[in-house]
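Heads up, the next two complexes both have chain A, just with different partners, chain B and then chain C.
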Partner chain A sequence: MKCTDEFDVRDVDECCINIDPIQVGGRLTADAMKAVIAYGDGYSVCDQCRKPFRLDYIKSPPIDRFHRDLAAFVNMDVARVVPGARRGFQAVTDTYVGKGDPVLITALSHYTEVLAIEGRGGAIREIPKSAGNIITADAAAETIEAVIREFGRPPVLLFLDHYDYQYGNCHPVAEIIGAARQYDIPVLYNGAYTVGIMEVDGKSLGADFVVGSGHKSMAAPAPSGILAATAERAAEVFRTTGIKTDVTGRTFGIKEVGMMGCTLMGVTLMGMMASFPHVRERVKRWDKELSNGNLVVEALKAIDGTVIRSEYPRKHTLTRVDTINSFDRVAKTHKKRGYFFSSALKERGIAGIIPGATKVWKFNTYGMTRIQAEYVAATFREIAEENGLPVSI
Partner chain B sequence: MKCTDEFDVRDVDECCINIDPIQVGGRLTADAMKAVIAYGDGYSVCDQCRKPFRLDYIKSPPIDRFHRDLAAFVNMDVARVVPGARRGFQAVTDTYVGKGDPVLITALSHYTEVLAIEGRGGAIREIPKSAGNIITADAAAETIEAVIREFGRPPVLLFLDHYDYQYGNCHPVAEIIGAARQYDIPVLYNGAYTVGIMEVDGKSLGADFVVGSGHKSMAAPAPSGILAATAERAAEVFRTTGIKTDVTGRTFGIKEVGMMGCTLMGVTLMGMMASFPHVRERVKRWDKELSNGNLVVEALKAIDGTVIRSEYPRKHTLTRVDTINSFDRVAKTHKKRGYFFSSALKERGIAGIIPGATKVWKFNTYGMTRIQAEYVAATFREIAEENGLPVSI
Partner chain C sequence: MVIMVSQRAVDAVFESLFLLTDIRAMLRETAPHHALSGSQREHVRDLLSRLEGEIAIIREDLG
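Moving on to the complex of A and B:
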């Protein structure tokens, strides 16, 4: 169905069970869809913008309260909305990282963290992962020591993904942050895969910054996200402009340099706000989500030759699976080659797997009903059986 | 009417003639509204993202072609979408401005340009404006010379707003860029008030960069915008990542550092794309828009004591008007005080003026029909007459 002359309507989430690893947490709620329709126009949130003319002061719609609610949601002192988690990373690196400064990431860090540091000329060092693809506090402490030996000083910043994008593995962030604390290293907690789908308590983890993604995990349109900070760090990362221009003597009020002034002036923010009451509730149902995820993982494990590459049992609904010795073996002789798999799934109403992928791939069961999870589990087994792969009971 | 439990539906553009100075160019087209509904979900444009996994390579929806169309639209070689014009400024300052480097803006530059430079620690110098609030090429040349005397070298970058946000005055950008060319200074053409509402030819102006705002002037949701560059500058501002991590040896393909990877992964981009065929047509009707604007300006000028602070006749639909000796005189004795004016407009179906503003204020007639312009003109006169202000014929 055409949406405009130039492109089609998108209906994957209406017509299919979508298991795309990055899309499932960002599907809009019904309230967000209403907000998107009502606030689609450009600067739609600026109708009631009054002095001091800053997004987080707008009372109608209640953007000011939403900012306070967001900070409370992740238990931090101050929060701002940003055009994607990556822009939160950028604001933090802009504040703390200078050319040549050592910055720690992990062996499983997201590429946007790398770009944020590269943009400031920081020297990136990785904390190695364990054989089981976990970042440990010991590895973090050793890497900090290695940085001190190499640079004569500790890293200026540490990026930590609570659950990584590659395996969806859970890393012991509280302990790692504890190790970083010994050296007074500010820590950015990357909650792209947590904030909005499970409960996150930034202060009890000891984080200086909590970053979340609206379009990845908060049922919001793209690009959107949050950057939250402790009061102490907020004064730094949300510093206001200090410029007085030389000819006109202009000053620019309380605009925040790192935020580039206002950030999300319309549909993205309103979608995020509309979903928020639902998001605040859904994080309490994470156990149910995990149970659905594990159901699907069990089905895949039952297919002979299939290996779950993520930690097991799963602590996240995002899972990396290796089907080199199962579905990929089928692909070698199937007339559709590797496409047989995504094609068989699509025929059964399951979308989100890259067409042709049969070796190592990822999926995410977040947001399914129990019945949908059972159906997905049964479908994987069914496709295996139809193609002659042994499936245990 | 409630949109969700927490906030109301926004219907200002459905119920009123909106003359808000920043909102009128960013109202969605009907096609954009359809796209917003179809592509509201988070990462909605990523369904068909394949190697090399970058937004501007996606073929379905035709995001790759849109990028080429955008570059052609402003007659530049390469274009990217960004989360607002300000993020275009930021990418350019990140590339060219180091601590202490002199950067030129003008006495009428937008605050987001200042923040972008402040973020990099640049030394901001302003080109003075003329008594008539115009930036001239002579003033630009003199300021460049002054910078050379002060810093021992020319500015590393010049920001130029074709039409400024304060007066909507037209500045002779081609001549100013000609002056900057003498010193090899890269020039960023800020088209927040031009790209999408009038024709812009970046190369014939001599610009190195053209920045436009989706939510301000391209009938797109916020935050959105474009950053276009010449081929030479594109290689600098859109440089790809050069990092290889130390432990895992990871590299990150052709992700662009200044863009922070992908930028607009959903509703903002699709709204922009859906409006684009209409935007490309509407820029050809700028004369009609100006004629409507001047009709309203004439009506205001006819009210005794009212002064048009913008250049006259108007070359833009955004106008700054001084009613200290007309509507503000009424406000002094009116029982509603300054609120009488916005209130009288609102009663007559005209919105977008800050409540209480009767001294110096701005309005924008962009996007009106002729009949609406005539109605707005008549309404200003009517409110004046009702309140005893003399109005010439």
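Moving on to the complex of A and C:
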């Protein structure tokens, strides 16, 4: 079906169970879809913008309250909406990282953290991962010491992903932040895979900044996200303009430099706001999500030759699986070659696996009903059995 | 001839889109086979009946 003359309707989630590792937490709630209908026009939230002309002061729709609610949601003092987690990273690096400054990331950090540091000319140093693909506090402390030896000073910032995008593994962030605290290193907690799907308490963790992704985990349109900070750090990262132009002598009120003034002025913010009451409730049901995820993981484990590459038992619904000795073995002789697997899934109404992937791939079960999880689990077994792979009970 | 459309009809257009959106959400929840339970079926029937009411308001305004 056509959406316009130029492109089709996107009905992946209406017709299939989507297991795409990055898409599932960002699917809109019905209320967000309604907000998209009503607020799709460009600057749609600006109808009631009055002095001091800043997004987080708008009362109708209640954007001012939403900002306070967001900060409370992750237990931080101040929050701003940003065009994606990456722009939150960038605002922080713009504030704290200068040319040649050492900045710590981890061996499992997202590439946008690297780009945010690279953009400032920072010197990236990675905390290595363990054999089990976990970042430990000991490894963090050792890397900090190595940086001090190399640069004569500690890193100016530490980026820490609670759950990484590669394995969906859980890293002991509170312990790592504790180690960084001993050197007074500000810590940015990257909650792209947590904020909006499980409860996050930034202050309990000891984070200076909490970054979340609207389109990855808060049922919001892209690009959207949040950057939350402690009161102390907020004064720095959300500093207001002080400039006066030379010819016209213009000044710009209380616009925030790091935010480039107002950030999400329309449909992204309204989608995020519309989903928020549901998001606030759904984080309390993380156990149910994990249970659905484990059902699918157990089904895959039962297929001879399949190995779960993520930590096990699973603590996240995003999982990396190795099927080199199962589905990839089938692909070698199948007439569709590597495409047999995604094709077999698609025929059964399951989407989101990269076409042709049969070696190592990721999936995410977030947001499924129990019936859908049972169906996905049964489908993996069925495809294996149909292709002669032994499946244990 | 100018046809004036009332606020009531404008609201009915939005309400119709919202009701259809609720049906869309149901499609997602029951993908891929859309085997609706008894209560889900009843819910969709209710949405459709309200949708018909909204469409009637729009028709009424057109005269």
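The definition used in the following text is that the second predicted complex is superposed on the first by the 393 of 393 C-alpha atoms of A that agree within 3 Å, B and C clash if a C-alpha of one lies under 4 Å from a C-alpha of the other, contacts with A are read in each partner's own complex, and residues count from 1 in each chain.
Quick note on the criterion: a residue touches a chain if its C-beta (ideal position, glycine included) is under 8 Å from a C-beta of that chain, and two chains touch if they have at least 3 such contacts.
The shown structure was predicted, so the numbers you read here are calculated from the model rather than taken from an experiment.
Enquirer: Considering only the touch criterion stated at the top, classify A:26 as touching first (chain B), second (chain C), both, or neither.
Expert: Only chain B is touched by A:26; chain C is not.
Enquirer: A:350 contacts which: chain B (first), chain C (second), both, neither?
Expert: Once the two structures are laid over each other on A, A:350 reaches chain C alone.
Enquirer: In the overlaid three-chain picture, which partner chain does A:372 touch, first (chain B) or second (chain C), both, or neither?
Expert: In the superposition, A:372 touches chain C alone.
Enquirer: Who touches more of chain A, chain B or chain C?
Expert: Of chain B and chain C, B contacts more residues of chain A.
Enquirer: With both complexes overlaid on chain A, does A:46 touch chain B (first), chain C (second), both or neither?
Expert: first
Enquirer: Regarding the shared-chain residue A:37, is it in contact with chain B (first), chain C (second), both, or neither?
Expert: In the superposition, A:37 touches chain B and chain C alike.
Enquirer: Return first, second, both or neither, reflecting whether A:214 touches chain B, chain C, both chains, or no partner chain.
Expert: A:214 contacts chain B only, not chain C.
Enquirer: After lining up the shared chain so the two structures overlap, which partner does A:61 touch, if you call chain B first and chain C second: first, second, both or neither?
Expert: In the superposed model, A:61 contacts chain B only, not chain C.
Enquirer: Contacts for A:13 in the overlay, against chain B (first) and chain C (second): which applies, first, second, both or neither?
Expert: After superposing on A, A:13 lies in contact with both chain B and chain C.
Enquirer: Across the two complexes, find the residues of chain A that touch chain B and also touch chain C.
Expert: Residues common to the chain A contacts of chain C and of chain B are 13, 27, 33-34, 37-38, listed in rising order.
Enquirer: Under the stated contact criterion, what part of chain C meets chain A in this complex?
Expert: 14, 17-18, 21-22, 24-25, 27-29, 31-33
Enquirer: Please name which positions on chain B make contact with chain A in the complex.
Expert: It is residues 3-13, 20, 22-23, 25-28, 31-47, 50, 60-62, 83-84, 86-87, 89-90, 94, 105, 107, 111-112, 114-116, 118-119, 124-128, 214-216, 219-223, 241-243, 245-248, 250, 252, 255, 257-258, 260-261, 263-268, 270-271, 273-274, 277, 351, 354 of chain B that touch chain A.
Enquirer: Over in the complex, which chain A residues touch chain C? Could you list them?
Expert: Against chain C, chain A makes touches at 13-17, 27, 29-30, 33-34, 37-38, 348-350, 369, 372, 375.
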